[in-house]
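Sharing a structure with you now.
Per-chain numbering from 1; labels A, B and C assigned in written order.
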């Protein structure tokens, strides 16, 4: 392999933003016909690196070579012209247009008077689609395709240029298993054609299945490259987080109180079916599963955001009907949502106002908001949660992810809920804040809160949970105590394998 | 049928169904309530209806392009008035007057150039400042109207050229000149939006602007061209209308933008951009005109037209939402 | 989502002095422009700053201003209201008509009730049914205009006995040497300013406009808040209609036509974002006064009223441009 000229090489790339050294001398190469994984935790610098590669950011130092030739990527279009193609995690398609129009977006073949040359367009598109062996044609309107097929359209786009390197950014995030197989075949094909592939993913099993080498970034620095066949998950993880993966289980058990919430046979359309569980005061229950397993939807139902089709929700033994978050909050249920910026915070509002938003009706001095009481609440939870902000007047949008998350958590703690639901509490948060938040969740249990933690990260679920509930495709597969859970049986459960089936 | 196709079909066809309902209603109601002896579906009446649809219809075609593109233009009424003034006033300029009837094409050209220039101003501001088109054209609506007044104060501007009037009142193959203009503009805009790269890019930008930028479409100049097109069409509408009437008041064209937007929305164009069709807009224009004429035909006060159109606009929005309504289990936010 | 956040720290730390000055200019740009205009006009014509003139300007701005107060609530909640012009015509016509039928003491509350009922319909459509506010209020603009014409039969409305009624007090009266319209405008501005800045309702308006989803996730009943904003708007419109009717004691059906856009211009000029979540009553008042003083100043230096339109156009675009430029940190839009 090493005797080949790399399809793409980055040398000593440095990218600084005011006050931050986002990339600190990163070197990295991908050979023709190689699938090269790029790994790193959130914030390690992967996306900055990709933006440099895509011409969105210009590096302060270092150079990029395509083949033997040093290049400057002025903008995304320039990158594409030089044979660097991105398959983005968030699809960038125009849904009302046809497949062909999307594939050749910006480069529609022309005839006289600026007319579109439909014949050429459709012929070329069908040729590319044939390569991909997909079940739709050039004239299909993109909006009618499944997510997986839309991703195929993105890939087809990559094939229209003479691609030297194709970058896949978390391509399987929204694909089913069958769709993944098709995707991997396409990657194999590209590989055979001598294209260099950069594959960004968090999913170890995929990485080990399809990549040839793995490069790791941490804190904006290049940490090394491993040959996939000669390494294992442990080594990669160590490189990524600078220590070995901590799969320790939660040891501290709080005194369990009464059942705070009980769910019986709850269903909601196709989202999840016949789910039953209970959470006691002082207990942390972790909900583990893949994206789309129905965990977030259960949380949303408990928070009054979805109407269940069947089943019951009981709070302190009494059946409740929740029609809105306002209902749920009044009953002592709180939700720290997954999408912090979209659902958790009003970014243009200050810290104090965000924190007291749910109880602004109760904090009154006469007809007015009691601002003094608000500041007192803010100060209390700033100290308790160690929120780092210059003051309550700071706009929440200016805080770091970890501090934003603490504002959301503080918002609900100040309401003293019975049940606190946290959905992916540490997504997009730096390592330091992560462990603080884990500790906080345990502390809350110790104080007698019932806590429901939804997470896609196994270490997180293991760290914080007294019990772990595994979900697969909208069904609750199995519930574990922290003593009986192992890495293996947990992974089996979230793949839909029930203990009895395995025995059989 | 794939999911979504039924509702798409219903939406695309709805405007024509509505027009048929209107025609049936006014024909039947006309039998009992009409003040005139003539039937509503009378040939001459329909021809007149088409002719009267032209001024709004021509602008609505441009508005469809603008709205598909994800923008809006509130200044078309003022552009219409200013182009009309240029049209009529330019024919009185000494060198133009000296040319006799040869002044007509020049007058048309000046008027159309005025429209293009005003559109270019809007488009350029949207492009370079990044201020939302709603605000830019809201400002321009006032500003252009100010220019209208500055031209001739509060006085009407008049100039009647009989050659021009004859041309405007002519009928060719049974259709009035204005109708021909409407049909030509409709055909040309349909061609532009469905057959040309520019038109397809307009959909792409309105649908997913970021993707279009990343694909190398030069969004700024594209938007500017679209504003020039709608400026041109607003001026063309003025040319068609004022060739016949020969007199323009500085307040003419006020609220045109609202009527035009109503027609375009009735035709099913999405406010958020990316979706809409010229043919459906044509339907929307006809629907409004039939309603106006029809209500007059059955003896309803002309005032009622405003009421009915406003309510229909809201009803259409409501129906559209009901057609797209998600399941009961959907997130309630 | 998380991937996109990685490079975010950069966005946070742009602390150059030049940028700060620029931000300050952009933030306060509208006040600075206001002061410059005042100075310019004063130099050009010394009558400009005389108390009589100033009171005159504010009085003639009062109707627009009162309507702008309500629209500020709607805009901050993230919606538009294009129906205020038509609705003002409606209130004016109704109160003039009822004045002669019921007498002023009953006519005024009846008119307020009818105007609020229409506001409630709009609020229901936008708040509870979640229909697009631009189209709904555009439709209502037309529908209310039709309603007004139907109500009046297309006739102008006049109070028969213009001398023998106390009804003229709202538009023509004076108290403590200050015209009543100014007092109403000031009182309403103070009241609504406090409601918006200091009460739980005001806080919720900002939250709903800033991020409606997050507001819902915080237990705020979004529909109710939006509905209430349209009620506030309708109340302001009714008040404006009352002043208008009382000032002229007679009116055409189209008295408020086109005002919706002038009102919106004043609110935007004050710095409220059409995206929702920002703006204050104080800034709106400034926006209204700027429009009023510019109009007056231009008249005083001998220009026709319509020159004001052109100046307003330029000012609106400059004001919003500066605001947008400050937020993105560069003057020109980066789009190619």
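Everything that follows uses one rule, which is that contacts are C-beta pairs under 8 Å (C-beta built on N, C-alpha and C of every residue); 3 or more make two chains touch, one makes a residue touch a chain.
Here the structure is a predicted model, which means the values were calculated and not measured.
Among the remaining chains, A is positioned farthest from chain C, on the basis of C-alpha centroids.
The interface with the largest number of contacting C-beta pairs joins chains B-C. Taking each chain's centre as the mean of its C-alpha atoms, chain A lies 43 Å from chain C. Separating the CA-averaged centres of chain B and chain C is a span of 28 Å. The set of chain B residues touching two or more other chains comprises 213, 332-333. Counting partner chains per residue, chain A has residues 305, 324, 343 touching two or more of them. Residue positions of chain C with contacts to 2 or more other chains are 213, 216-217. Those residues of chain B that touch chain C in the complex are listed here as 74, 125, 127-132, 134-136, 138-150, 153, 213, 218-220, 254-255, 258, 261-262, 265, 271, 301, 303-314, 317-318, 321, 332-333. Those residues of chain B whose C-beta lies close enough to touch chain A in the complex are 2-5, 195-198, 200-201, 203-204, 207-208, 210-217, 274-275, 327-333. Touching chain B in their complex are the following residues of chain C: 82, 125, 129-132, 134-136, 138-147, 149-150, 153-154, 212-213, 216-217, 257-258, 261-262, 264-265, 268, 274, 304, 306-314, 316-317, 320-321, 324-325, 328, 332-336. Contacts from chain A toward chain B in the complex involve residues 76-77, 80, 92-97, 101-102, 105-108, 110, 113-116, 143-144, 268-269, 271, 300, 304-309, 324, 343. Residues of chain C touching chain A in their complex: 1-15, 194, 198-200, 203-204, 206-207, 210-211, 213-221, 277-278.
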